[in-house]
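Note sheet for the following structure.
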Amino acid sequence: MRVCLLGAGLIGMFYTMSLHGKRGRDRVSVVYSRTQKSADQFAKQWEIPVATNDMLAAIERDDIDVVIVALPNHLHKSAVMAAAAAGKPVLCTKPLGRTAAEAQEMMEAVEAAGVFAGYLEDLVYTPKTLKALKSVRGGAIGDVLWVRSRETHPGPHSDWFWNQEMSGGGAIIDMGCHCIEIARNFIGKDIRPVEVVCWADTQVHPIETEDHAIGMVRYENGAIGQFEVSWAFRGGMDLRDEVAGTEGTIWLNHWLRTGMEMFSAGGEADYVAEKAESSKGWLFPVGDEPSALGYVDMFTDVLDALEQGREPAETFYDGYVVNAIMDAAYQSVTSKRWESIELPVWRGKEKSDHISVSRDFDDEHHLVKQERMPDGSTKVILKNKTTGEISQKII
Amino acid sequence: MRVCLLGAGLIGMFYTMSLHGKRGRDRVSVVYSRTQKSADQFAKQWEIPVATNDMLAAIERDDIDVVIVALPNHLHKSAVMAAAAAGKPVLCTKPLGRTAAEAQEMMEAVEAAGVFAGYLEDLVYTPKTLKALKSVRGGAIGDVLWVRSRETHPGPHSDWFWNQEMSGGGAIIDMGCHCIEIARNFIGKDIRPVEVVCWADTQVHPIETEDHAIGMVRYENGAIGQFEVSWAFRGGMDLRDEVAGTEGTIWLNHWLRTGMEMFSAGGEADYVAEKAESSKGWLFPVGDEPSALGYVDMFTDVLDALEQGREPAETFYDGYVVNAIMDAAYQSVTSKRWESIELPVWRGKEKSDHISVSRDFDDEHHLVKQERMPDGSTKVILKNKTTGEISQKII
Amino acid sequence: MRVCLLGAGLIGMFYTMSLHGKRGRDRVSVVYSRTQKSADQFAKQWEIPVATNDMLAAIERDDIDVVIVALPNHLHKSAVMAAAAAGKPVLCTKPLGRTAAEAQEMMEAVEAAGVFAGYLEDLVYTPKTLKALKSVRGGAIGDVLWVRSRETHPGPHSDWFWNQEMSGGGAIIDMGCHCIEIARNFIGKDIRPVEVVCWADTQVHPIETEDHAIGMVRYENGAIGQFEVSWAFRGGMDLRDEVAGTEGTIWLNHWLRTGMEMFSAGGEADYVAEKAESSKGWLFPVGDEPSALGYVDMFTDVLDALEQGREPAETFYDGYVVNAIMDAAYQSVTSKRWESIELPVWRGKEKSDHISVSRDFDDEHHLVKQERMPDGSTKVILKNKTTGEISQKII
Amino acid sequence: MRVCLLGAGLIGMFYTMSLHGKRGRDRVSVVYSRTQKSADQFAKQWEIPVATNDMLAAIERDDIDVVIVALPNHLHKSAVMAAAAAGKPVLCTKPLGRTAAEAQEMMEAVEAAGVFAGYLEDLVYTPKTLKALKSVRGGAIGDVLWVRSRETHPGPHSDWFWNQEMSGGGAIIDMGCHCIEIARNFIGKDIRPVEVVCWADTQVHPIETEDHAIGMVRYENGAIGQFEVSWAFRGGMDLRDEVAGTEGTIWLNHWLRTGMEMFSAGGEADYVAEKAESSKGWLFPVGDEPSALGYVDMFTDVLDALEQGREPAETFYDGYVVNAIMDAAYQSVTSKRWESIELPVWRGKEKSDHISVSRDFDDEHHLVKQERMPDGSTKVILKNKTTGEISQKII
């Protein structure tokens, strides 16, 4: 597949490493950057035949099969609109828009134009997440009650992230979009997200946008998706998910504790891992970063989908839902209360019942819980079905 | 020290193991339980000379040095009042009261009577927590920005916990009190907790009180104390703390991943650990449970304090502050907004400034952040002090 | 690249998953198995156009670019000989031969025929190992003093492994080859392995070959490569490497503790991970098994090498050295003493000096060591350069 | 209990912290050191009434209940002999002697004098080890096949350790004694250790004794106790045990990964943990060091034993067995072969059969192994009881 890459920053680099990487049959054949110099440098490093600073010309070329938007947030919409107008399949990095309104416009444009569109939410595609999702969907942990998704590090690497106008916000827009969509995948994409409560503050940096935020998204079936994002975390990049279900638990650690540990007294001469804070002492490198971050499996899914004429796992519709949740989160930061999530377009279930678990102990009692005690005995807590009385006994 | 123990349940057992344990010079000399039978059984198991079901008589004995209240929540107040009336030093398990009003009455009673009183908040005393607090107070991680304290398991072991009238609430009252006080210790006990937002639900059990709750407590200096409590967690007892500071991070795992791992195909004949859910497959036992849960260091501090005529680390005043925060959390669950914490008695700082960090890059710029890039170069993000403009450069 | 795959077992499956996987441009176009039925099944599952039980015919086809030998050990030699005779590039799975004599013959055959040959030692290519090797070669941990490489599980999945004649041995032949070559990579492939001591026993299974063995390989520079292999391990597959250097340490855990943990009360309906022993309780799945086991990076290197006309990282010569070390290990099991490693062909350094570290404290003393004491002071241990006397002082 | 402490070094400090620690009823009432100055300093720090540099006078005082020998290795024998002569109960730190001959003399002296004697092997008493031993003895992992016990760090803190004459050896004498006795406890103290093979080298330091050694001890029932000791390890103190049994596995990490992790950009002002190498970056402190190292439970057992007139868990006989194993290890380093362990006094089983496991699949076949395959099927490997033929089938 011949790829036209818009954007030559860190994300463009990870994308190109994944597309070119290993024995792939896909190649970036055109790269666009806002300055010709950076386009040229990038093209040279990754052996890309064409480099340009004319976005429209890049998109309209005949010799490309798909356009990838890897630009700062404020340029997503115009790039997507141009691809839709040119009738080109388009893949857009996260977040889709800066607001749900922007995202909805983009979604409607590609749908109206009938072009294939994929939402590049890489963290839903990490090998660990894919395997965990398969287990959850197979019933291994029962109904999902709660998901905590956390992405925190000492702050992004490019200036535009820190500029409210360009980015559309701070840590929530930058990383909350990942966490929200990860939780949505575990809880079920067809379950309606109902309302959000969110705290945010600028705790450390001399900036206007938030550098730390924590929010809870309540889904119609009672499940909670918790996101924790920070640009003020120290120690590297903390990228973890926790999923609690009625029958089990999943813990994923994608970055700082993945089974690779190194102590170096002298110092590691090379780059250790994205957002690592030191190159001496105990270090926690990551073996294959593009794979661990989901890029490899993401492009596998999305390019296969394009070839097979099916929808990818993450669509512009998903990006729009995420933006709607973030809009409500920002409102909640100001209003200091739970805020409803506005979804003018909703394609999931119209109604989901509250998760419920009922275990009978005998005809007269519900089993509340059972535990093995230090003396080896087993104790049950029971509730009388008629009177509601709680009692306990050793069995 | 001769101890009069009120209560012969799980917590009474842990207390007794800690007091008698190892080569201690303290002994439980009287045990009271609501039924003579359970008092007798407990006394026999732990070689306690006197067992009774008459609480007042137990408290008023001449041959005891201190009274420990290890009773269900609804009995804390009457037991403390009786000890105060009898002029006996008294130690009360967590939570102090079912509400701040109840706690305040207990605090005022012991202060009016001039008796020594200690709040038995064991999880603040685990060896890991004590060492971490020392590091934080020594400045190792800078100013604390955020604390996550989590205690979740499949539900408590005694019937009264599940009874709203006796317990005063569900998972928040049972375990939120631990998490809130742990966070308060890391953030600083003299910083005023200002407001709370909290979600709670009864997700799994056939009960009236909440079996899962998550809340955020905002302190006057901008720090956040996050508590996560659940009776619906699967996999054992998840007991973890995370502390983020401007200069560092601390992660404590007290229970499920402490460096002891066992696989048993045949099955462990014995008890594995409190709240463990299985005795086959991969198991995570805890070496010395009373020590890991803080009981040993707690009694060391509180009994030393009593002998030395000083305050223990945790007082009834602390218990009352925790109750006031939980009161606001319950209000927030209902009102669905942040709720102010009412503290008619406040003994900390009258005013705390917002945490602030300022790093200059040069005369004209603040340093926003610095990162080592995959190509080995170092990039800085800067903010112009005059114009506010954000820029980046490779240094 | 059009691949002719010889062998349709577990390893053939992992190879095919890696070659076809993701967006690869390589395809298995012919598969051979000893029975037509298993060849057909495999071909159907993986969409391979041609399936045969005629090995020679498969190798001699014009429409294949490379032959992969994924057969039981006793068939490696004849398959390689046939490929060499047919002038076809050939890749052979581990171990190269059952003995060094066999391996040397194979090496000489491909070299005489001038065909490209690669040794498919996947565990040297795991993403973690590649990153660790880069760090070691960059000096991050100084000189390597010791490597422990461990692979243990409850036993292999196919009958022929357990048959001495077909396999050439037990756990040493099966997995010792991995561990030995991993250590050799860390220590330096140009450093001569001098001698081996090895213990082996049949501890658990009703078989003739060893199901548990531990050996030490001493290299000319004093470094030690320790291998631990077992078919009697319980709890899954334990795949770990530890590297100790003069300036640092590396710990790699490839399988059982990689940052993915799941508790399932109900049971995981699907396969958890290779050699997992249960599907209930605490489970430790692996996100992307072919990648974590090194297959993806191995084929990237070896097929790139073939296209670029360069040597792959692991050659038949490496396979032969590993076989020679295993021969000596088996001798040592019998002789109960260190045994010399016989290497009639040796292409590394003729002579390596013993690793040496010398740190001066001052003109008169070597620094033996330095440590921070519990009271905060720093203590040094010194050795007088003239008298050899050891002393200590607080600095 | 009134303790006479001989030795005011690091081990004396840990002992005193454990004895005085928490609410203990035991006190060090006399401390002896080779210089009056260090005795005085120690006495002042720990509030010990009497400090002396006259060992004999200290031992012979009427107001002491027990003598603890916490002196360098070359002084153990004379101190124990003096205690035996004075009829005083005596506890001696590890290793008991520098050789088995020395240890045997000490054992015979206390037995002849009829004085109580305890061998202070603290690492057998860590809370994790005690719990693991209980599980093993309860059958949770079946028969023990293999134990790896590892203690490595950057070298000891006092000059005499580095002096062959005083210490009796290097890393083996210093730490091998721990590892050997840990393995012996797991395997069974009544199983005879038969022979040893050991590698040792001076890899890094300017000294005569070994700074790195690895050995295997074979027990009569076929079990292997593997010890790994080093003074050349970087990254702190690596203190781990691994136990493999026919039905399970145990992993213990006592120091570097115990569930407490800290990142400090600024630097930890205080001592982090014994043998920690840095106070910046990622640090792994230990909550309660004396407890984690086993001192608290060790003194509980040994002083309870003295009071109750029973044997402690670790006796001088155990110390002598350990010395005998180390003697054989040193011989093996020189002879480069397995060496028999000489035990003129042996109090365990006269004969132990080889561990054996036999599982029938059906009347005609032994079950060799069973595994769940990636496609979800279950495969068994069988051995025909008559023909010995190995086969496989899917069940």
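Think of it as A, B, C and D in the order they're written, each chain with its own count starting at 1.
Keep this in mind: a residue touches a chain if its C-beta (ideal position, glycine included) is under 8 Å from a C-beta of that chain, and two chains touch if they have at least 3 such contacts.
Only a predicted model underlies this, so the values are computations on that prediction, with no experimental measurement involved.
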Message = Looking only at C-beta pairs that count as contacts, which pair of chains has more of them, B-C or A-C?
response = A-C
Message = Please compute the angle of the rotation superposing subunit A on subunit D (C-alpha atoms), rounded to a multiple of 5 degrees.
response = 180
Query = Over half of the interface residue numbers used by both subunit A and subunit B, so same, or under half, so different?
reply = same
Query = Taking each chain's centre as its mean C-alpha position, how far apart are subunit B and subunit C in Å?
reply = 48
Message = Measuring centre to centre with CA averages, how many angstrom lie between subunit A and subunit B?
response = 33
Ask   = Once you find the CA centre of subunit A and the CA centre of subunit C, what distance in Å lies between them?
value = 36
Task = Identify all positions of subunit D at which a residue touches two or more other chains, and write them in rising order.
result = 141, 234-235, 247-249, 263, 265, 270
Message = Which residues of subunit B touch subunit A once you look at their complex with the stated criterion?
response = 10, 13, 141, 145-146, 148, 152, 154-160, 162-163, 197, 199, 201, 203-207, 212, 214, 216, 218, 222, 224, 226, 228, 230-235, 238, 244-249, 270-272, 274-276, 279, 336-338, 355, 357-358, 366, 368-369, 371-376, 379, 381, 383, 390-392
Task = Mind listing the subunit B positions that touch subunit D in their complex?
result = 1, 19, 22-26, 126-132, 134-135, 138-142, 247-254, 257-270, 285-288, 291, 296-297, 299-300, 303-304
Subunit C partner contacts - residues on subunit B that touch it in the complex = 234-236, 263, 265, 277-278, 280-284
